[in-house]
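Labels run A, B, C and D following the written order; every chain starts at residue 1.
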Amino acid sequence: MAEIVSLAEGVGRLVHDGDVVAMEGFTHLIPHAAGQEIIRQRRKDLTLVRMTPDIVYDQLIGAGCARKLIFSWGGNPGVGSLHRFRDAVQNEWPVPLEIEEHSHAGMANRYVAGASGLPFAVLRGYSGTDLPKHTDTIKQITCPFTGEQLAAVPALNPDVSVIHAQRADRAGNVQMWGLVGVQKEAVLAAKRSLVTVEEVVDELEPVPGQVILPSWAVTCVAEAPHGAHPSYAQGYYDRDNAYYEEWDSIGRKRDSFEDWLREKVFDMEVTDK
Amino acid sequence: MAEIVSLAEGVGRLVHDGDVVAMEGFTHLIPHAAGQEIIRQRRKDLTLVRMTPDIVYDQLIGAGCARKLIFSWGGNPGVGSLHRFRDAVQNEWPVPLEIEEHSHAGMANRYVAGASGLPFAVLRGYSGTDLPKHTDTIKQITCPFTGEQLAAVPALNPDVSVIHAQRADRAGNVQMWGLVGVQKEAVLAAKRSLVTVEEVVDELEPVPGQVILPSWAVTCVAEAPHGAHPSYAQGYYDRDNAYYEEWDSIGRKRDSFEDWLREKVFDMEVTDK
Amino acid sequence: MGFHWAEEGLVRGLAPREGVRHGGDGQVSTTTDAQTYTSDEMMSIAAARALGAGQRCFVGIGLPSTAANLARRTHAHDLVLIYESGTLGSKPDRLPASIGDGILAETADAVIGVPEVFNYWLQPGRIDVGFLGAAQLDKFGNINTTVIGDDYANPKVRLPGAGGAPEIAASCREVYVVVRQSKRSFVDKVDFVTSVGHGSGKGDRERLGLPGAGPTLVITDLGIFRPDPETCELVLSQVHPGVEVEQVREATGWDLTVSPELSRTDSPSETELATLRALKEAK
Amino acid sequence: MGFHWAEEGLVRGLAPREGVRHGGDGQVSTTTDAQTYTSDEMMSIAAARALGAGQRCFVGIGLPSTAANLARRTHAHDLVLIYESGTLGSKPDRLPASIGDGILAETADAVIGVPEVFNYWLQPGRIDVGFLGAAQLDKFGNINTTVIGDDYANPKVRLPGAGGAPEIAASCREVYVVVRQSKRSFVDKVDFVTSVGHGSGKGDRERLGLPGAGPTLVITDLGIFRPDPETCELVLSQVHPGVEVEQVREATGWDLTVSPELSRTDSPSETELATLRALKEAK
């Protein structure tokens, strides 16, 4: 059964140096508060996994928490580039960043395989692209019935997956709705999981489109109101589009980023967010 | 876009002699009215596909519509055997019935592969059982990353899938909720589809747990109130458990079955149901 | 489904004995401690007792569902019931009439599609106990629910088939089998291996790549069997009240081994019986 | 995402010409029929016109999303918009700010998980048109959104990567590419094949097992290109109002072929322009 803990305790107990960490949320419900707590606790050598490493991973990469990134699209959606990500790839600052690059279809299926207890997934993908030349986790497989060639990708089974959801009840059952992305699969694929939520409530009233993660499929739940900001939480608050624009100038230069890191992460009390 | 037709027209247009026909509904929302309409239109040589061929297929098999059954569990749930199914397998009455037998996990994954446009699916299944000795649609496959041996099953892509749902709107968008089984996959895997519904409404009000099939993913929608009876339609009517008991005596003998067929199927006007 | 067959009977004939009489419904009743109960009730109660608090239990309809719901109402309130029809954490207030009874969806923590049940929840080994029935069970706990007779193409009796059972038997951490015992159901070797128990003995599950521990408990209307740690053969470890070992031997289709630590099942408590009967009556 | 890069600019410098002037925002404006519009507006409108009623369109954010939403508001009211964030049939009343804008979920016929988008809806070929952007596009319509430069490990510019594009380009029945044209974006051969167009020419898609027809239309701010039926090389088939072929040639990184049936795009209608601007303003 999931234990309800503070965000600091959840990160402290579940995210270790050197871990493979997946943080998911497809534009919606991105676990930003948890990401900043990982920075605050100065985790190192993480292998970060995420379909769309946007601001949340630009921050972790810029802070030097990551040694490797497994991803399919790295940008600041609606704005442009991730400058910290580029700086790490092109200039190894602040530390070198190895990359393992897939397509969305490949990444989604890698989580599905992980959640399903299978070692790999099959898809129609990558054919004719240059990705297999650079990514050794893309192979071919032959259909034993038709002889067709298809792509195979290995399961993702993170040490820990971190997601943000709208609500949990006091027993630790998690409820999310709206765009639910690949979060369920990320949690089910992982050895451990941390779910931050907007609020812990007595009763989870059913909502159309809801996805429920039963308490026994989650390791820890932590209340983190506004924990998806600048992303959004449907039913709670909208996306802060201005912040995404602003991030472009914060992240562009190393010193502006380091100022941000000091002021907004290290000097902040956890409870201040 | 789905066309809204009568049940008789839908069956007449979409179900042809010799077709591979899947009718799904896992205890809930079993398309009984459509099954009886297929009998009424005297379809022959069908390959019937269904995870749980219960009364709906006992009727079709007894009426001589089927030459083959692809399935994973054939019984009268909560009651006992399917006597028409047994009579066909053991005595070739009224016509011989070939069988292709899987497990639920295998059948579900065959539909998933079919819905996904893949030629096969991979699962941990069948290992050590006697099923692969008798079912040539179960093979082994090797993980290209780990070398593990797993089971592979070919996609199911029926000529037509038939399901029952609670509602459709006038544009042909289909809404169902409660236990939704493998119906979405069955429809998406098929070349054509017929969805019978309790009612056609102006607007589909969202319901927690709903599954929506967009109009453009469905071929025809037909209103068939009470069309799941003796199965149930959550929000409309309960399961008729007494009918399941009664079926045991109707189906047990050939002549009682033929009486039923004449009285309840062939002598019934379509609109009488 | 797939474990549902066990409900159908293959009714065992037991010789009447002291303190034991045939009930009006053809079942055997036992009088003890001023209580009368049937052998089926003893079986359900013994099966319920085997389930522990907080366990995740994949439940077949019929005997397993009765036992699991009884456990949830007696000692294991937080038992998580998972039905292959797509419900996680069902809390029915009556016995579901079928595996897809509406009450299972209405009272569930989550309702999911059937592919998800098998792929996301069963296959990765998230379920503690798989609760299965059997038409035939052999001395290594292998289960047949497919055909009676040697010839698959021309069976003596065509049974319902596999349903979810093969993968439940493969992937749950443990499997409990609940079955009415007779020489017809308890055989030396099953006619068809629908679901693997311990194969042909120790080490077979590992060789076959089956992750779970297999049948660790077989509960019948006569007693309880456990696999021998060395051979994996099912050994009688417990007899129900009023049942003699000789009776069990007569209802077993192989040369029965009796555990040196053979014990006797506690009689149903008043609470257990009352709860079971209330469950069965609430329709 | 994955087609989002096109939005970022790689802003083209066009020489001012008669009837054409630079707008305050650095974009090129054209005056025609008493209307002034930018080359970006012409591009969006030309792209919108390409979409037919009732089509299912897999929409990337940025230029493709603008065009698709414009089409839905002008001539193709029943255009079905599918976004990779998990929405089928979104009907936003303003332009979504990102591919996962809440309005896409709130107005959708169905909201589904991301694996389902790719596996159940894109992969089997249910989508008519995949609408993609590009950082680099070559003469066979291959798309690069991964790296600029020859060395993947040490790129000159690291771009966002593939996103959904490779499988969109593979599986949609047709692909339309919308891209601002320049010698930097319109190259002889892309530095990295992120998404396959026509590979190295006719027959390559079949050889690679790609089911869709690939890019059948490339819409830029200068004109419209179609693959030659014999060679699959992109050929200029249409120029926008006020654009000369020579300008297009200068903004093309390969030896441009011009269709013998070269035509001129109709100027934006008042309705088209007004609708586009209203869409862009409704934030």
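To be clear about the criterion, a residue touches a chain if its C-beta (ideal position, glycine included) is under 8 Å from a C-beta of that chain, and two chains touch if they have at least 3 such contacts.
If you want to know which protein each chain is, UniProt gives these names: A, B = CoA transferase subunit A; C, D = CoA-transferase subunit beta.
Because the structure is a prediction, the values reported are computed rather than measured.
Visitor: Under the document's definition of touching, what chains do subunit A (CoA transferase subunit A) and subunit C (CoA-transferase subunit beta) have as common neighbours?
Guide: A chain counts here if it touches both subunit A (CoA transferase subunit A) and subunit C (CoA-transferase subunit beta), which gives B.
Visitor: In terms of C-beta pairs in contact, which of B-D and A-D ranks higher?
Guide: Answer to which pair has more contacts is A-D.
Visitor: In angstrom, rounded to a whole number, how far apart do the mean CA points of subunit B (CoA transferase subunit A) and subunit D (CoA-transferase subunit beta) lie?
Guide: Centre separation, subunit B (CoA transferase subunit A) to subunit D (CoA-transferase subunit beta): 42 Å.
Visitor: What whole-Å value do you get for the distance between subunit A (CoA transferase subunit A) and subunit B (CoA transferase subunit A) if each is reduced to the mean of its CA atoms?
Guide: 39
Visitor: For subunit C (CoA-transferase subunit beta) versus subunit D (CoA-transferase subunit beta), what separation do you get between their C-alpha means, in angstrom?
Guide: Roughly 60 Å, centre to centre.
Visitor: So, what's the distance in Å between the C-alpha centres of subunit D (CoA-transferase subunit beta) and subunit A (CoA transferase subunit A)?
Guide: Each chain's C-alpha centroid was found; their separation is 29 Å.
Visitor: Two or more other chains touching the same residue: where does that happen in subunit D (CoA-transferase subunit beta)?
Guide: 119, 123, 171
Visitor: Residue numbers in subunit A (CoA transferase subunit A) touching 2 or more other chains?
Guide: 117-118, 123-124, 148, 184-185, 209
Visitor: Taking the touch rule as given, give the residues of subunit D (CoA-transferase subunit beta) at its contact with subunit A (CoA transferase subunit A) in the complex, in rising order.
Guide: 1-2, 4-5, 7-8, 61-62, 84-87, 97-102, 104-106, 111, 113-115, 117-119, 122-123, 146, 152, 154-155, 157-158, 160-167, 170-171, 192-196, 199, 204-205, 208-211
Visitor: Can you list the subunit B (CoA transferase subunit A) residues touching subunit C (CoA-transferase subunit beta) in their complex?
Guide: So the residues of subunit B (CoA transferase subunit A) in touch with subunit C (CoA-transferase subunit beta) come to 26-28, 51-52, 71-75, 77-78, 80-82, 85-86, 89-90, 101-105, 108-109, 111-112, 123-131, 133-134, 148-149, 178-182, 184-185, 209, 211, 232, 234, 238-239, 241, 244.
Visitor: So in the complex, which bits of subunit B (CoA transferase subunit A) are touching subunit D (CoA-transferase subunit beta)?
Guide: Interface residues on the subunit B (CoA transferase subunit A) side: 1, 115-118, 173, 184-185, 188, 212-214, 216-217.
Visitor: In the complex, go through subunit D (CoA-transferase subunit beta) and note every residue touching subunit B (CoA transferase subunit A).
Guide: Per the touch definition, subunit D (CoA-transferase subunit beta) meets subunit B (CoA transferase subunit A) at residues 54, 56, 80, 88-89, 109-110, 119-120, 123-126, 171.
Visitor: Which residues of subunit B (CoA transferase subunit A) touch subunit A (CoA transferase subunit A) once you look at their complex with the stated criterion?
Guide: Touching subunit A (CoA transferase subunit A) from subunit B (CoA transferase subunit A) are residues 117-124, 137, 139-141, 143-146, 148, 150, 152, 154, 206-210.
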